[in-house]
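Paired with subunit B in one complex and with subunit C in the other, subunit A is shared by the two complexes that follow.
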Partner chain A sequence: MSAPIIEARQVSRWYGLVMGLNHISFDILPGITGLVGPNGAGKSTLIQIITGQLKPSSGTLTVLGHTPWNHPPTLARLGYCPEKEALPEHLRPLEWLTGLGLLSGLPRQQVGPIASASLAKVRLREADWGKRLGQFSKGMRQRVKLAQAIMHQPDLLVLDEPMNGLDPMGRQEIATILKELAAQGVHILISSHILAELEPLCRNIMILNWGRVMATGARHHIRSGLTDWPEQLTVLCEDPEALAALLFEGGHLLGFDAHQEEGRLTFRIKDPQGFFPQWASLVRESDQAIHEIRSGNRSLQTLFNKVTHS
Partner chain B sequence: MKAENDSAQGPRMPAAPRHPGTWQSLAGLWCLTWRSQLSWRKSLAILLHVLGLPLLGYLRASSFQSMGGWMLFTIDLYTFLALPLFCLHSFGGLVRDDLQEDTACYTLTRPIRRWQFLVGQYTCQCLWTCIIVALTYLAFGSMWWLQEVEGWLPVMLGLMSVAVPAILVYGAISSLMGLLTRKYLVLGLIYGCVIEFGVGQIPTNLHSLSMTHHLKDLLALHPEIGAHLVRDSAQPWLSLLMLAMATLISLGVGCLLFTHREYLQAEDMSR
Partner chain C sequence: MMNLLPDLYEHWKGQARGIWHRRLAVAAQAFRSVWSNKWVRHLSLAAWVLCLGQSAILFGVGQLLVKDSVIYTVVNQMDAQPRALVGGLVSWILERPDLSVSSTYGLCFYYFTRWFQPLSLVLVTLMIPSLISQDLSSRAIIIYRSKALGHGDYLFGKFMAVFGLLGFVWLLPIMQAWLLGCLLSPEWSFLWHARLALFQSVGFVVASITFLSLLAMGVSALSQREKATTVIWLVLWILGHFLAKSQGEDHPWLAYLSFTHILDQWAIQLFNPSAHVSQLMENLPILGSFTSLTERWMRFPTAEGSAPWVGAAIMVGISLIILKRKVKPE
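Up next, the complex of A and B:
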């Protein structure tokens, strides 16, 4: 197992009397990790601590082995794309990226071409490069924000709601860029409200609620850990009642709901660990065509709802 | 490390040098500073700053009996009133403006120590303010030249030379005020009234606390200006030392504050 890129131990963060994070401990592993939680869950606070903008009130948090606050070697390996839309309104994208690139330690001779390459990578149209940032639409702002985060080739990219304001095609493009970066070895921590976007991107997730970590790790591990929440499957087949009878006799079911006319069987499984290895042979034994199998509660959205009790 | 996605991309290029040197970080901050000053709104404010008082003086020129009148108008109204207020506004907002506009996170997450960031911002702002102030004195000089005032050039150069320590010290004090409180304008006005205009005018040793007092001592060194300023016992070296100390102490305390204190939304949320 790879060493964690972010380690938090008993981290708390107060804002006066308000508690932003409440004694949280977690490890974030390499790869793409989704950070999900409702508003006020503490996502932004956590991201600001990770990017060295805030300090924990107590506990320790290390990023790539070091505390990020006022630590340039760690900050040099970080790329950050904030949720806020604000940009220096009077600058043009290349000017802004050039200034930030110099601050990131990019060589003076190369900073211009690197800035251009970053803007091209996030697919900001070249015709827009001459406009001031204040004239940019929400989607264009997201792209230029992402460009400044990736231009210095960070090892860890922290993205706070990077898909906000993008049209579906733009979201797809950003998702592709993130996948490319991940394939090149960049670790990505991405927070988003739109869970459907995170689903295809992230195998690992961390769910925050009320300043506490509700669950963290690979999605299927989190799902398996919810022992009081039976696994539910929906199957479209020729004879749902016959299939239900077979499964029931095998002692696999907690309950089922068969719709013979629609050819649909929804059932809750008693012991998922024991059931899934047998599932293929059970289907063969039933001797009928299965048209579709759908997991009722494995999606990120249902998992999130279950974990946060929302 | 292996990510779970398998896009067909090669390995990354080796990372660029990670740490900006002092000059490079200054270049980056300068790049962000001067370009952001050239918005329409700010350009108009600069134009007003550069031409406002010289034009006002020019229009009032008939009431000045001599170069002395003109000079005292410039010194009293510009060098020791408008210039400190300009410094208070621009240096006080050195970090606060970015925080207010929510753009500080882009620079504060770069690989640069916080004190270096503050000193860099301060240096760039000093440079920018020097340019504006030099333009203003040039505008004053032009008015004097138009009115064929005798001996205007050495006076203008003298005022320009003292403007540099004035910008450094007022800038450092204003930066510290900006880091201490969001209401730095109020704090600055109180400081100005109590220390610069209050204590500074009292003929006791307490007037050493006033930067205006020391700057006037430096101005008095220029014979063309000194003839019009009433100075009892000017001690230029002591004045220079006091100005340097005030600058360094203000900047040092500001750096300590900025290194250890958080300046993001924490402050707002704790209210």
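Up next, the complex of A and C:
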């Protein structure tokens, strides 16, 4: 198993009497990790601690092996795209990125081409590079924020709601870029309230609520840990009742709901670990055409709802 | 899947530049932002024109100290009083060039350094909105703080920008005026004899611009609204000055709410103009007949010991507390 890129131990953060994070401990593994939670869950506080902008009130948090607070060498390995508007409106994108590149320690001779390449990478049209940031649409600003985060080629990219304000095509493009960055070995921590966007991107997730970590790790591991919440499948087939009978005889079901007319069988599985390896042979044994199989409660949204009791 | 990464995009594997380069990058960005204001450019030009004027005055003063100069000849054709004064100056320089040049330059530079002060204060007024306030209002501070900088580095970079600009319109012109004045003087020995005036000027100006830079940064961090910071600075400047002038005698501590009063006191303490005037009076008894001039010269404020330095330290302390509390992500 790879070493965690972020390790937190008993981390708390207080804002006066309000607790932003409550003694949380977790490990974030390499790859793309989704950070999800309702408003006020502590996501932004956690991101600010990870990016070295806030100091934990207690506990320790290390990023790439070091505490990020006031530690420029660690910060040099991070790229951060904040959720809020954070652009100086009087500057042009290339001008701003060039300055930020110098802040990141890029050499003066190379910073211009790197800034241009970053803007090209986030698909900001070259015709817009000469405009002031104040004239940009929300989607264009989002791309510039992403460009500044990736321009110094960080090892860890922390993105807070990076899809905000982007049109569907833009979201797809950004998702593709993130996948390619991950394929190049960049670790990504991405927070989003649009869970459907995170679903195809993230194998690992961390769910926060009320300043506590409700679940963390690979999605299927989180799902299998919820033993009081049976796995549920919906199958569209020719003869739902026959299939239900076959599964019942095999001792796989906790319960089922068959709609013969609609050709639909919804069933809850007793032992997912034992069931799924046999599922393909069971389908063959039923000797009927299966049109569709849907997981009733494996999606990120249902997992999130279950874990946060929302 | 279509490759969205353009071919030109490659992983950068070079060696990152050191922390001083990054601090300078903060300073350069702030400087560019301030410099984009045309009034800042005009004021900077005015400072350099002023410095050339001062060099011309020093040239004139230098010419008064030699017997065969044009100015000496012209003055000698005037009334008895100016003739006697210039004659006295010439004799004095022949006898004690060290004291005469030192006193003359010391007194000149006491006034010269002060001429740049209002100009620099106007410049600070123009600078304040784009210093820190702009980064707070645009929230770009969040991104700057996530870059490879320590917590003090961003502020240090901003300090370098203000210090650099004030140095450009105050410190460099005064040094330039001194150098040009000495180079245009009748003797090379002026360079040596006038050294104290240079040290006093540099000491005073460096202390003043450090003080003003830290105050300006504190005021700029006070609000996200750029206009509000300008108003706060003007209120501090004008109200403080008014309090120092109107109430300073009855309530001396009120005078230390004024940074201009503090600067006045520093100038008095560092240049000690009364000592220069006394020296001139002792060596040039003819000055006694210029009653109105000497009375004016002798009307220097009384030096107030360590109080102005304590006042400045308290102001800087407050400014640093504001910077620590305000310059951070929301």
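Observations
Operating definition for what follows: the second predicted complex is superposed on the first by the 310 of 310 C-alpha atoms of A that agree within 3 Å, B and C clash if a C-alpha of one lies under 4 Å from a C-alpha of the other, contacts with A are read in each partner's own complex, and residues count from 1 in each chain.
As a working rule, a residue touches a chain if its C-beta (ideal position, glycine included) is under 8 Å from a C-beta of that chain, and two chains touch if they have at least 3 such contacts.
Here the structure is a predicted model, which means the values were calculated and not measured.
Subunit B and subunit C, once both complexes are superposed via subunit A, clash. In the superposed pair of complexes, A:88 makes contact with subunit B and with subunit C alike. Once chain A of one complex is fitted onto chain A of the other, the partner contacts of A:110 extend to both subunit B and subunit C. Residue contacts after overlaying the shared chain place A:152 against subunit B and subunit C alike.
By the touch criterion defined above, A:99 reaches both subunit B and subunit C.
In the superposed pair of complexes, A:73 makes contact with subunit B and with subunit C alike.
By the document's definition of touching, neither partner reaches A:36: not subunit B, not subunit C. Look at A:18: by the touch rule set out above, it reaches subunit B but stays clear of subunit C. By the touch criterion defined above, A:233 reaches neither subunit B nor subunit C. In the superposed pair of complexes, A:123 makes contact with subunit C only, with no contact to subunit B.
In this superposition on chain A, the options for subunit C are 38-46, 92-100 or 182-190, and subunit B clashes with just 38-46. Where the contact sets of subunit A with subunit B and with subunit C meet, they give residues 48, 51-54, 70, 72-73, 75-76, 78, 80, 82, 84, 86-90, 99-100, 102-107, 110, 114, 148, 152-153, 176, 180, 184.
The part of subunit C that touches subunit A in the complex is made up of residues 1, 3-6, 8-12, 14, 16-19, 21-22, 25-26, 28-29, 33, 36, 134-135, 138-151, 153, 328-330.
The residues of subunit A lying in touch with subunit B in their complex are 2, 15-16, 18, 20, 30-32, 48, 51-55, 70, 72-73, 75-78, 80, 82, 84, 86-91, 95-96, 98-108, 110, 114, 148, 152-153, 155, 176, 179-180, 182-187, 201, 203.
Touching subunit A in their complex are the following residues of subunit B: 1-13, 15-20, 24-25, 27-29, 31-32, 35-36, 38-39, 42, 101-103, 105-114, 259, 262, 264-266, 269-271. The touching residues of subunit A, counted against subunit C in their complex, run 48, 51-54, 70-73, 75-76, 78, 80, 82, 84-90, 99-100, 102-107, 110, 113-114, 116-118, 120-121, 123, 145, 148, 152-153, 173, 176-177, 180, 184.
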